[in-house]
(Lines give C-alpha, C1' and ligand atoms only; values in the text may rest on other atoms or scores of the structure.)
Protein backbone atom coordinates (compact mmCIF):
# COMPACT_ATOMS: atom_id res chain seq x y z
CA UNK A 1 0.00 0.00 0.00
CA UNK A 2 2.75 2.58 0.40
CA UNK A 3 2.24 5.39 -2.08
CA UNK A 4 4.76 8.20 -2.43
CA UNK A 5 3.57 11.26 -4.38
CA UNK A 6 6.01 13.97 -5.43
CA UNK A 7 4.68 17.42 -6.44
CA UNK A 8 7.47 19.16 -8.35
CA UNK A 9 8.29 21.24 -11.42
CA UNK A 10 9.41 19.42 -14.58
CA UNK A 11 12.02 16.65 -14.24
CA UNK A 12 14.15 14.75 -16.75
CA UNK A 13 13.64 11.01 -17.14
CA UNK A 14 16.98 10.36 -15.43
CA UNK A 15 15.92 12.41 -12.41
CA UNK A 16 12.69 10.41 -12.16
CA UNK A 17 14.54 7.10 -12.48
CA UNK A 18 16.88 8.13 -9.70
CA UNK A 19 14.13 9.37 -7.36
CA UNK A 20 11.81 6.41 -7.98
CA UNK A 21 14.68 4.15 -6.93
CA UNK A 22 15.88 6.18 -3.92
CA UNK A 23 12.42 6.94 -2.49
CA UNK A 24 11.35 3.31 -2.83
CA UNK A 25 14.53 1.92 -1.30
CA UNK A 26 14.29 4.29 1.68
CA UNK A 27 10.62 3.41 2.23
CA UNK A 28 11.24 -0.33 1.95
CA UNK A 29 14.24 -0.27 4.28
CA UNK A 30 12.42 1.75 6.95
CA UNK A 31 9.01 0.02 6.80
CA UNK A 32 10.25 -3.48 6.09
CA UNK A 33 7.69 -3.76 3.27
CA UNK A 34 8.73 -5.38 -0.04
CA UNK A 35 9.81 -2.75 -2.60
CA UNK A 36 7.44 -4.26 -5.19
CA UNK A 37 4.46 -2.92 -3.19
CA UNK A 38 5.73 0.67 -3.23
CA UNK A 39 4.26 3.10 -5.79
CA UNK A 40 5.87 6.44 -6.66
CA UNK A 41 3.68 9.02 -8.46
CA UNK A 42 5.27 12.13 -9.98
CA UNK A 43 2.99 15.19 -10.27
CA UNK A 44 4.98 17.43 -12.61
CA UNK A 45 3.75 21.04 -12.81
CA UNK A 46 4.44 24.03 -15.06
CA UNK A 47 5.45 27.10 -13.04
CA UNK A 48 2.13 28.75 -13.98
CA UNK A 49 0.48 26.12 -11.78
CA UNK A 50 2.43 26.78 -8.58
CA UNK A 51 2.24 29.71 -6.19
CA UNK A 52 4.75 30.43 -3.43
CA UNK A 53 4.23 33.39 -1.13
CA UNK A 54 1.12 34.36 -3.10
CA UNK A 55 2.96 34.74 -6.42
CA UNK A 56 3.08 32.25 -9.33
CA UNK A 57 6.56 30.72 -9.79
CA UNK A 58 6.42 31.73 -13.46
CA UNK A 59 6.31 35.37 -12.27
CA UNK A 60 9.29 34.90 -10.00
CA UNK A 61 11.86 33.77 -12.57
CA UNK B 1 -18.62 16.18 -0.40
CA UNK B 2 -17.61 12.70 -1.58
CA UNK B 3 -14.62 12.96 -3.88
CA UNK B 4 -13.20 9.91 -5.64
CA UNK B 5 -9.73 10.34 -7.19
CA UNK B 6 -8.29 7.71 -9.54
CA UNK B 7 -4.55 7.67 -10.24
CA UNK B 8 -4.04 5.57 -13.36
CA UNK B 9 -2.21 5.37 -16.70
CA UNK B 10 -4.00 6.70 -19.79
CA UNK B 11 -7.66 5.76 -20.32
CA UNK B 12 -10.04 6.07 -23.29
CA UNK B 13 -13.09 8.30 -22.95
CA UNK B 14 -15.34 5.21 -22.84
CA UNK B 15 -13.37 3.79 -19.91
CA UNK B 16 -13.73 7.08 -18.03
CA UNK B 17 -17.46 7.26 -18.78
CA UNK B 18 -17.88 3.72 -17.46
CA UNK B 19 -15.79 4.28 -14.31
CA UNK B 20 -17.33 7.69 -13.48
CA UNK B 21 -20.75 5.97 -13.56
CA UNK B 22 -19.78 2.82 -11.65
CA UNK B 23 -17.71 4.54 -8.94
CA UNK B 24 -20.45 7.14 -8.35
CA UNK B 25 -23.26 4.59 -8.24
CA UNK B 26 -21.37 2.40 -5.76
CA UNK B 27 -20.56 5.41 -3.54
CA UNK B 28 -24.14 6.72 -3.64
CA UNK B 29 -25.68 3.29 -2.89
CA UNK B 30 -23.35 2.64 0.05
CA UNK B 31 -23.35 6.12 1.63
CA UNK B 32 -26.95 7.03 0.83
CA UNK B 33 -25.77 10.40 -0.50
CA UNK B 34 -27.30 11.78 -3.71
CA UNK B 35 -25.17 10.92 -6.76
CA UNK B 36 -25.17 14.58 -7.85
CA UNK B 37 -22.88 15.41 -4.90
CA UNK B 38 -20.23 12.85 -5.91
CA UNK B 39 -17.15 14.07 -7.82
CA UNK B 40 -14.81 11.71 -9.68
CA UNK B 41 -11.34 13.07 -10.62
CA UNK B 42 -9.13 11.10 -13.03
CA UNK B 43 -5.36 11.66 -12.64
CA UNK B 44 -3.99 10.17 -15.86
CA UNK B 45 -0.21 9.61 -15.92
CA UNK B 46 2.38 8.75 -18.56
CA UNK B 47 4.43 5.68 -17.57
CA UNK B 48 7.47 7.95 -17.11
CA UNK B 49 5.64 9.42 -14.12
CA UNK B 50 5.02 6.21 -12.22
CA UNK B 51 7.46 3.98 -10.35
CA UNK B 52 6.67 0.48 -9.09
CA UNK B 53 9.29 -1.46 -7.14
CA UNK B 54 11.76 1.39 -7.63
CA UNK B 55 11.62 1.29 -11.46
CA UNK B 56 9.67 3.61 -13.81
CA UNK B 57 6.81 1.77 -15.58
CA UNK B 58 8.16 3.08 -18.91
CA UNK B 59 11.31 1.01 -18.22
CA UNK B 60 9.30 -2.10 -17.45
CA UNK B 61 7.46 -2.46 -20.77
CA UNK C 1 -0.21 1.39 -9.92
CA UNK C 2 -3.92 2.20 -9.86
CA UNK C 3 -4.74 4.10 -6.68
CA UNK C 4 -8.32 5.03 -5.79
CA UNK C 5 -8.71 7.63 -3.01
CA UNK C 6 -12.10 8.31 -1.45
CA UNK C 7 -12.66 11.54 0.52
CA UNK C 8 -15.78 11.05 2.61
CA UNK C 9 -17.34 11.51 6.04
CA UNK C 10 -17.13 8.62 8.51
CA UNK C 11 -17.98 5.11 7.26
CA UNK C 12 -18.63 1.80 9.02
CA UNK C 13 -16.25 -1.10 8.43
CA UNK C 14 -18.94 -2.87 6.35
CA UNK C 15 -19.29 0.15 4.06
CA UNK C 16 -15.51 0.21 3.53
CA UNK C 17 -15.40 -3.52 2.84
CA UNK C 18 -18.15 -3.14 0.28
CA UNK C 19 -16.59 -0.09 -1.44
CA UNK C 20 -13.03 -1.50 -1.46
CA UNK C 21 -14.44 -4.54 -3.28
CA UNK C 22 -16.70 -2.67 -5.73
CA UNK C 23 -14.23 0.09 -6.63
CA UNK C 24 -11.43 -2.43 -7.19
CA UNK C 25 -13.58 -4.80 -9.27
CA UNK C 26 -14.80 -1.93 -11.48
CA UNK C 27 -11.25 -0.63 -11.97
CA UNK C 28 -9.85 -4.09 -12.74
CA UNK C 29 -12.62 -4.95 -15.20
CA UNK C 30 -12.30 -1.65 -17.09
CA UNK C 31 -8.49 -1.37 -17.15
CA UNK C 32 -7.72 -5.07 -17.48
CA UNK C 33 -5.17 -4.75 -14.67
CA UNK C 34 -4.99 -7.48 -11.98
CA UNK C 35 -7.06 -6.55 -8.91
CA UNK C 36 -4.06 -7.28 -6.65
CA UNK C 37 -2.33 -4.13 -7.99
CA UNK C 38 -5.25 -1.84 -7.10
CA UNK C 39 -5.04 0.20 -3.88
CA UNK C 40 -8.05 1.90 -2.28
CA UNK C 41 -7.36 4.64 0.29
CA UNK C 42 -10.20 5.98 2.47
CA UNK C 43 -9.79 9.56 3.73
CA UNK C 44 -12.46 9.77 6.44
CA UNK C 45 -13.24 13.29 7.68
CA UNK C 46 -15.17 14.79 10.60
CA UNK C 47 -17.78 17.32 9.38
CA UNK C 48 -15.70 20.11 10.96
CA UNK C 49 -13.10 19.39 8.27
CA UNK C 50 -15.35 19.77 5.25
CA UNK C 51 -16.86 22.92 3.72
CA UNK C 52 -19.60 22.94 1.07
CA UNK C 53 -20.84 26.26 -0.31
CA UNK C 54 -18.52 28.12 2.07
CA UNK C 55 -20.03 26.59 5.23
CA UNK C 56 -18.65 23.72 7.36
CA UNK C 57 -20.81 20.57 7.14
CA UNK C 58 -20.94 20.49 10.94
CA UNK C 59 -22.79 23.85 10.78
CA UNK C 60 -25.26 22.54 8.23
CA UNK C 61 -26.70 19.64 10.24
CA UNK D 1 4.10 23.68 5.57
CA UNK D 2 0.68 24.93 4.49
CA UNK D 3 -0.19 23.51 1.09
CA UNK D 4 -3.35 24.55 -0.74
CA UNK D 5 -4.34 22.34 -3.70
CA UNK D 6 -7.06 23.43 -6.12
CA UNK D 7 -8.70 20.85 -8.41
CA UNK D 8 -10.46 22.77 -11.17
CA UNK D 9 -11.11 22.93 -14.92
CA UNK D 10 -8.79 25.10 -17.02
CA UNK D 11 -7.94 28.61 -15.77
CA UNK D 12 -6.29 31.62 -17.38
CA UNK D 13 -2.99 32.86 -16.00
CA UNK D 14 -4.74 35.94 -14.55
CA UNK D 15 -7.20 33.73 -12.66
CA UNK D 16 -4.30 31.72 -11.21
CA UNK D 17 -2.41 34.88 -10.24
CA UNK D 18 -5.50 36.18 -8.47
CA UNK D 19 -6.27 32.91 -6.66
CA UNK D 20 -2.65 32.22 -5.63
CA UNK D 21 -2.63 35.67 -3.99
CA UNK D 22 -6.08 35.48 -2.35
CA UNK D 23 -5.75 31.89 -1.06
CA UNK D 24 -2.30 32.60 0.38
CA UNK D 25 -3.33 35.88 2.02
CA UNK D 26 -6.38 34.27 3.63
CA UNK D 27 -4.31 31.33 4.91
CA UNK D 28 -1.54 33.57 6.25
CA UNK D 29 -3.96 35.96 7.98
CA UNK D 30 -5.89 33.12 9.65
CA UNK D 31 -2.96 30.88 10.65
CA UNK D 32 -0.46 33.62 11.44
CA UNK D 33 2.13 31.80 9.33
CA UNK D 34 4.38 33.81 7.00
CA UNK D 35 2.99 33.90 3.44
CA UNK D 36 6.38 32.77 2.06
CA UNK D 37 5.78 29.30 3.57
CA UNK D 38 2.44 28.83 1.80
CA UNK D 39 2.35 26.74 -1.40
CA UNK D 40 -0.60 26.79 -3.83
CA UNK D 41 -0.83 23.91 -6.34
CA UNK D 42 -3.30 24.12 -9.25
CA UNK D 43 -4.54 20.77 -10.63
CA UNK D 44 -6.13 21.81 -13.94
CA UNK D 45 -8.30 19.15 -15.61
CA UNK D 46 -9.94 18.68 -19.00
CA UNK D 47 -13.67 18.00 -18.66
CA UNK D 48 -13.07 14.43 -19.87
CA UNK D 49 -11.25 13.86 -16.57
CA UNK D 50 -14.04 14.94 -14.24
CA UNK D 51 -17.30 13.21 -13.38
CA UNK D 52 -20.20 14.80 -11.52
CA UNK D 53 -23.31 12.76 -10.72
CA UNK D 54 -21.80 9.79 -12.59
CA UNK D 55 -21.44 11.64 -15.91
CA UNK D 56 -18.26 13.19 -17.40
CA UNK D 57 -18.41 17.01 -17.49
CA UNK D 58 -17.52 16.86 -21.19
CA UNK D 59 -20.83 15.01 -21.74
CA UNK D 60 -22.78 17.62 -19.81
CA UNK D 61 -21.91 20.67 -21.90
CA UNK E 1 -16.24 20.14 -9.35
CA UNK E 2 -13.87 22.64 -7.70
CA UNK E 3 -12.16 21.01 -4.75
CA UNK E 4 -9.84 22.98 -2.47
CA UNK E 5 -7.65 20.90 -0.13
CA UNK E 6 -5.69 22.54 2.69
CA UNK E 7 -2.79 20.65 4.31
CA UNK E 8 -2.04 22.38 7.61
CA UNK E 9 -1.31 21.83 11.30
CA UNK E 10 -4.23 21.88 13.72
CA UNK E 11 -6.84 24.65 13.41
CA UNK E 12 -9.69 25.83 15.63
CA UNK E 13 -13.26 25.54 14.39
CA UNK E 14 -13.42 29.34 13.94
CA UNK E 15 -10.33 29.28 11.72
CA UNK E 16 -11.91 26.54 9.57
CA UNK E 17 -15.20 28.42 9.32
CA UNK E 18 -13.34 31.53 8.21
CA UNK E 19 -11.17 29.73 5.65
CA UNK E 20 -14.01 27.61 4.22
CA UNK E 21 -15.89 30.85 3.57
CA UNK E 22 -12.95 32.88 2.18
CA UNK E 23 -11.51 30.13 -0.04
CA UNK E 24 -14.94 29.32 -1.48
CA UNK E 25 -15.85 32.96 -2.11
CA UNK E 26 -12.54 33.63 -3.87
CA UNK E 27 -12.91 30.51 -6.03
CA UNK E 28 -16.54 31.29 -6.93
CA UNK E 29 -15.80 34.93 -7.77
CA UNK E 30 -12.81 34.05 -9.98
CA UNK E 31 -14.25 30.99 -11.77
CA UNK E 32 -17.85 32.16 -11.97
CA UNK E 33 -19.00 28.78 -10.64
CA UNK E 34 -21.78 28.67 -8.03
CA UNK E 35 -20.37 28.51 -4.49
CA UNK E 36 -22.58 25.49 -3.70
CA UNK E 37 -20.40 23.35 -6.03
CA UNK E 38 -17.16 24.22 -4.19
CA UNK E 39 -15.78 21.71 -1.66
CA UNK E 40 -13.11 22.59 0.89
CA UNK E 41 -11.25 19.69 2.57
CA UNK E 42 -9.03 20.34 5.60
CA UNK E 43 -6.15 17.86 6.12
CA UNK E 44 -5.06 18.65 9.67
CA UNK E 45 -1.72 17.12 10.75
CA UNK E 46 0.16 16.68 14.00
CA UNK E 47 3.71 18.14 13.78
CA UNK E 48 5.09 14.59 13.94
CA UNK E 49 3.57 14.07 10.50
CA UNK E 50 5.24 16.99 8.75
CA UNK E 51 8.85 17.45 7.71
CA UNK E 52 10.39 20.74 6.56
CA UNK E 53 14.03 20.84 5.47
CA UNK E 54 14.39 17.15 6.36
CA UNK E 55 13.38 17.61 10.02
CA UNK E 56 9.99 16.87 11.64
CA UNK E 57 8.19 20.05 12.76
CA UNK E 58 7.77 18.48 16.20
CA UNK E 59 11.58 18.52 16.49
CA UNK E 60 11.79 22.16 15.47
CA UNK E 61 9.64 23.66 18.23
CA UNK F 1 7.47 24.01 -3.87
CA UNK F 2 8.50 20.34 -3.74
CA UNK F 3 5.96 18.40 -1.69
CA UNK F 4 6.45 14.72 -0.92
CA UNK F 5 3.37 12.89 0.44
CA UNK F 6 3.67 9.39 1.88
CA UNK F 7 0.51 7.26 2.26
CA UNK F 8 1.38 4.44 4.67
CA UNK F 9 0.17 2.46 7.69
CA UNK F 10 1.25 3.64 11.15
CA UNK F 11 4.90 4.59 11.70
CA UNK F 12 7.01 5.27 14.80
CA UNK F 13 8.47 8.75 15.30
CA UNK F 14 11.96 7.40 14.54
CA UNK F 15 10.77 6.00 11.20
CA UNK F 16 9.27 9.38 10.30
CA UNK F 17 12.43 11.23 11.32
CA UNK F 18 14.50 8.91 9.15
CA UNK F 19 12.19 9.14 6.12
CA UNK F 20 11.72 12.92 6.35
CA UNK F 21 15.51 13.24 6.22
CA UNK F 22 16.15 10.68 3.46
CA UNK F 23 13.29 11.75 1.17
CA UNK F 24 14.26 15.42 1.49
CA UNK F 25 17.98 14.79 0.92
CA UNK F 26 17.28 12.70 -2.19
CA UNK F 27 14.88 15.34 -3.58
CA UNK F 28 17.30 18.20 -2.88
CA UNK F 29 20.30 16.40 -4.39
CA UNK F 30 18.42 15.45 -7.57
CA UNK F 31 16.53 18.72 -8.16
CA UNK F 32 19.20 21.09 -6.88
CA UNK F 33 16.56 22.89 -4.80
CA UNK F 34 17.41 23.94 -1.24
CA UNK F 35 16.27 21.35 1.31
CA UNK F 36 14.50 24.07 3.33
CA UNK F 37 11.87 24.36 0.55
CA UNK F 38 11.00 20.64 0.64
CA UNK F 39 7.88 19.56 2.59
CA UNK F 40 7.20 15.94 3.57
CA UNK F 41 3.62 15.03 4.57
CA UNK F 42 2.90 11.66 6.21
CA UNK F 43 -0.65 10.30 5.69
CA UNK F 44 -0.82 7.53 8.29
CA UNK F 45 -3.78 5.12 7.92
CA UNK F 46 -5.36 2.39 10.04
CA UNK F 47 -5.62 -0.89 8.11
CA UNK F 48 -9.42 -0.47 8.04
CA UNK F 49 -8.83 2.48 5.70
CA UNK F 50 -6.79 0.66 3.07
CA UNK F 51 -7.90 -1.89 0.51
CA UNK F 52 -5.53 -4.04 -1.58
CA UNK F 53 -6.94 -6.44 -4.16
CA UNK F 54 -10.47 -5.48 -3.11
CA UNK F 55 -10.02 -6.52 0.54
CA UNK F 56 -9.34 -4.27 3.56
CA UNK F 57 -5.83 -4.77 4.99
CA UNK F 58 -7.40 -5.29 8.43
CA UNK F 59 -9.10 -8.39 6.99
CA UNK F 60 -5.86 -9.71 5.56
CA UNK F 61 -3.87 -9.94 8.79
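Each chain gets a letter, A, B, C, D, E and F, in the order it is written, and its residues are counted from 1.
Just so it is clear, contacts are C-beta pairs under 8 Å (C-beta built on N, C-alpha and C of every residue); 3 or more make two chains touch, one makes a residue touch a chain.
These figures come from a predicted structure and were not determined experimentally.
*Asks:* When every step has to jump to a touching chain, what is the lowest number of steps that links chain D to chain F?
*Replies:* Each step joins two touching chains, and the minimum needed here is 1.
*Asks:* Starting from the defined contact criterion, work out which chains touch chain A and chain E both, please.
*Replies:* B, C, D, F
*Asks:* Count the touching C-beta pairs: is C-F or B-E ahead?
*Replies:* So, comparing the two chain pairs, more contacts are at C-F.
*Asks:* When the C-alpha atoms of chain A and chain F are each averaged to a single point, how far apart are the two points in Å?
*Replies:* Here the centre of chain F sits 11 Å away from the centre of chain A.
*Asks:* In whole angstrom, what separates the CA-based centres of chain C and chain E?
*Replies:* Using C-alpha averages as centres, the distance is 19 Å.
*Asks:* Enumerate the residues of chain A that touch no fewer than two other chains.
*Replies:* Residues 1, 3, 7, 19, 23, 39, 41, 43, 45, 50, 52 of chain A each touch two or more of the other chains.
*Asks:* For the protein chains shown, what form does their contact graph take: line, ring, star, complete or other?
*Replies:* other
*Asks:* Under the stated touch criterion, can you name all the chain pairs that qualify?
*Replies:* Result for touching pairs of chains: A-B, A-C, A-D, A-F, B-C, B-D, B-E, C-E, C-F, D-E, D-F, E-F.
*Asks:* List the residues on chain B that touch chain A in their complex, please.
*Replies:* For this pair, the touching residues of chain B are 7, 43, 45, 48-56, 58-59.
*Asks:* Quick check: in the complex, which residue numbers of chain A touch chain B?
*Replies:* 13, 16-17, 19-21, 23-25, 28, 35-36, 38-44
*Asks:* Spell out the residues on chain C that touch chain A in their complex, using ranges where they run on.
*Replies:* Counting only chain C, the residues touching chain A are 1, 3, 39, 41.
*Asks:* Once bound in the complex, which stretches of chain F touch chain A?
*Replies:* Touching chain A: residues 1-9, 11, 15, 18-19, 22-23, 26-27, 30-31, 45, 50, 52, 57 of chain F.
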